[in-house]
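Heads up, the thing below is written out as structure tokens.
Labels run A, B and C following the written order; every chain starts at residue 1.
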């Protein structure tokens, strides 16, 4: 029902503004605190607030779209939405197929979480989400890697003893450490900063968002948002 | 790396033999084909073992379900209903959770949380339930005359089952059973996709296909390759099952033999 | 939903549960149940239609048509549905947009494929990027229906093809003896009689179709399993008013019950249809029915 009402509002708006002005923002909705679905069933989180603010500054009508992580880039290049704003680190591999804005958060280190702080990573079993930069990193080190389909399962694996530690983004692991799990001091600098992804043929739109990010960096509002959601260090 | 070297390095990567690191940087077609083909080993392993072991349980379930004794019939009915009525991924989920908690009870269950055994057990139960239903349907449609003739020859009990009921059941069920085998091999792609964790990047064909799709961001190359492999696999299954079917029907007159081949999906 | 739900942390027991189960997110779960049921209701007849078309094509005397029918059935049946879903929807979407592009923007001078990018003119976008979200969702829904129908149409074609050949040859010969044309014999004799042979296979297909719905999320439709996974995950109080540990077991148990019930209902309904169809047919089942009535 809600999407219906939002939809008609967007229709009314876009009718007055001409066709090309609606920008569709693709996100995953399963990666707190960056983006997640709140109790009301709407997309919420750091990137929801950031995206809405950027759209306001760039004077665009924006619409949020949820998409599975695995197919988020194929659907972008195929034109099903216009930009990815989903906690996506800027990596060389990704940069070859899509274009990024300047990063809106500094690199977020990856961290380890385990049941006790004195585990030996080299002889232990390290869990990571399948086909992430963390998984690739563990494999490169020659450690024993075990991959799960979702981040939730990687943490569960440490809890139930299937794995000795989990390697993931620090901001995500911050949300899971508690009485039973501790974060190791060792961190790994894996990804670059997080930016918005665009089709390479869409330089104009990218320019608009890039300028909006710059303006948020300049007036300090980006830092406020980062602090509010505790997603990374500040600029 | 030339293609021959790639094959040497990755042909058995899914079993942990060969190059430790998966290909990076350039992703050639040769690497696609080699690695996805290597993953196919696991699909064949799961499919073939679950099918052969499941066959025996399936026969037992079919006999149980058609038994007049509720002590046999009820468990068989429930088993078949439970495994036919729920999606495979839910079965994987509960099996994995169950094996995990059993593990803390006894170290006997340690290997069950690995895909090679745990997923095999689930697939074994699953295919046993589906085939059991097929065999049950076939048992019901055994011509009455065949049984009566066996009685007239003085056969009963085990002899009658072994010499008359079982072969006829198999013959009637075979076309549908072929389909079940195809479905089972397709279902093996779910093992690592949502179910069991992949250790040391050793996974099945779909695991490597999605590895490539994730790295190249182009789903139009790895998944069609995966599809190609599975079409080949399906053709092999059909060929093998066709040969068995021929064997099962060899005593029938030509005319009737064809008639049985014409009704592939009556039961499944 | 309820007025007492404003501060869930003060609630306990049933009243907490009643609030928890009526959050907007849970409503999405309930909506997705309806979506899945509607999708099944549309997909089943469409897939049957595809299957009928392909089965008729496979019987055709016209060679290319026969190849098409047989090729479609054997290729699609050979591929695991999951592998198909992972790339087919995007391909289908691009194919539609490409066709619209050719029609709507004939004087477009840029290439459609720019590297990995797929760029068509704005007017050719499906749906137009300015369309409201529900249009996009409906479009995604119909793409999913189409993909499901193509996959299951191939299986249905295989079943119907077998059923058409199972109708006793004598029936057709009698029809021809009465002076019916091939077409008349096909529509008046073969088609009405084939269903009783096809139904066991089709009902099995329906069961497989029900159990393929967890794959809907790959097609961009938020199905029950997606929401169950999402809702069941661990929730800390930072992001929700209803924090809870990992409850996947409960949500999946609910799904299990849902699927089992759905299967049971389907079995009962299909058994009734079978009984109706058998009536008056020249089969063992029909004979038994006739004897029982007499």
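Assume contacts are C-beta pairs under 8 Å (C-beta built on N, C-alpha and C of every residue); 3 or more make two chains touch, one makes a residue touch a chain.
Quick caveat: nothing in here was measured; it's all calculated off a predicted structure.
Student: Between A-B and B-C, which chain pair shares more contacting C-beta pairs?
Tutor: B-C
Student: Measuring centre to centre with C-alpha atoms, which chain is farthest from chain A?
Tutor: Taking each chain's C-alpha mean as its centre, the farthest from chain A is B.
Student: I'd like the most central chain, judged by C-alpha centroids against the all-protein C-alpha centroid.
Tutor: The most central chain, going by mean C-alpha position, is C.
Student: Round to the nearest whole Å and give the separation of the Cα centres of chain A and chain C.
Tutor: The separation of the two C-alpha centroids amounts to 32 Å.
Student: Using Cα averages as centroids, what's the distance between chain A and chain B in whole Å?
Tutor: A distance of 38 Å separates the two centres.
Student: Per the centroid of Cα atoms for each chain, what is the distance between chain B and chain C, given in Å?
Tutor: Taking the mean C-alpha position of each chain, the two centres sit 23 Å apart.
Student: Which positions in chain A are in touch with at least two other chains?
Tutor: Residues 71, 74, 77, 97 of chain A touch two or more partner chains.
Student: Which residue numbers or ranges of chain C touch two or more of the other chains?
Tutor: In chain C, residues 86, 90, 116 touch at least two other chains, as defined above.
Student: Enumerate the residues of chain B that touch no fewer than two other chains.
Tutor: 193, 210, 213, 217-219
Student: Within their complex, state which residues of chain C touch chain B.
Tutor: 74-75, 77-84, 86-87, 90-91, 116, 158-159, 162-163, 165-166, 197-198, 200-201, 204, 207-208, 211-214, 225, 248-249, 252, 255-256, 259-260, 262-264
Student: Residues of chain A touching chain B in their complex?
Tutor: Those in contact with chain B are residues 70-71, 73-74, 77, 93-94, 97-98, 127, 130-131, 135-136, 139-140, 142, 144-149, 153, 157, 160, 162.
Student: Which chain A residues qualify as touching chain C in the complex?
Tutor: It comes out as residues 2-4, 6-8, 10-11, 14, 19-22, 24, 29-30, 32-33, 36-42, 44-45, 63, 65-68, 71, 74-75, 77-80, 82, 97, 150, 152, 155-156, 175-176, 199-201.
Student: Would you mind writing out the residues of chain B in touch with chain C in their complex?
Tutor: Residues 81-82, 84-90, 93-94, 97, 137, 182-183, 185-187, 189-190, 193, 206, 209-210, 213, 217-220, 223-224, 226-227, 230-231, 233-235, 262-268.
Student: Show me the residue ranges of chain B that touch chain A in the complex, using the header's touch definition.
Tutor: Residues in contact with chain A: 20-22, 24, 100, 113, 193-194, 197-201, 203, 207, 210-211, 213-219.
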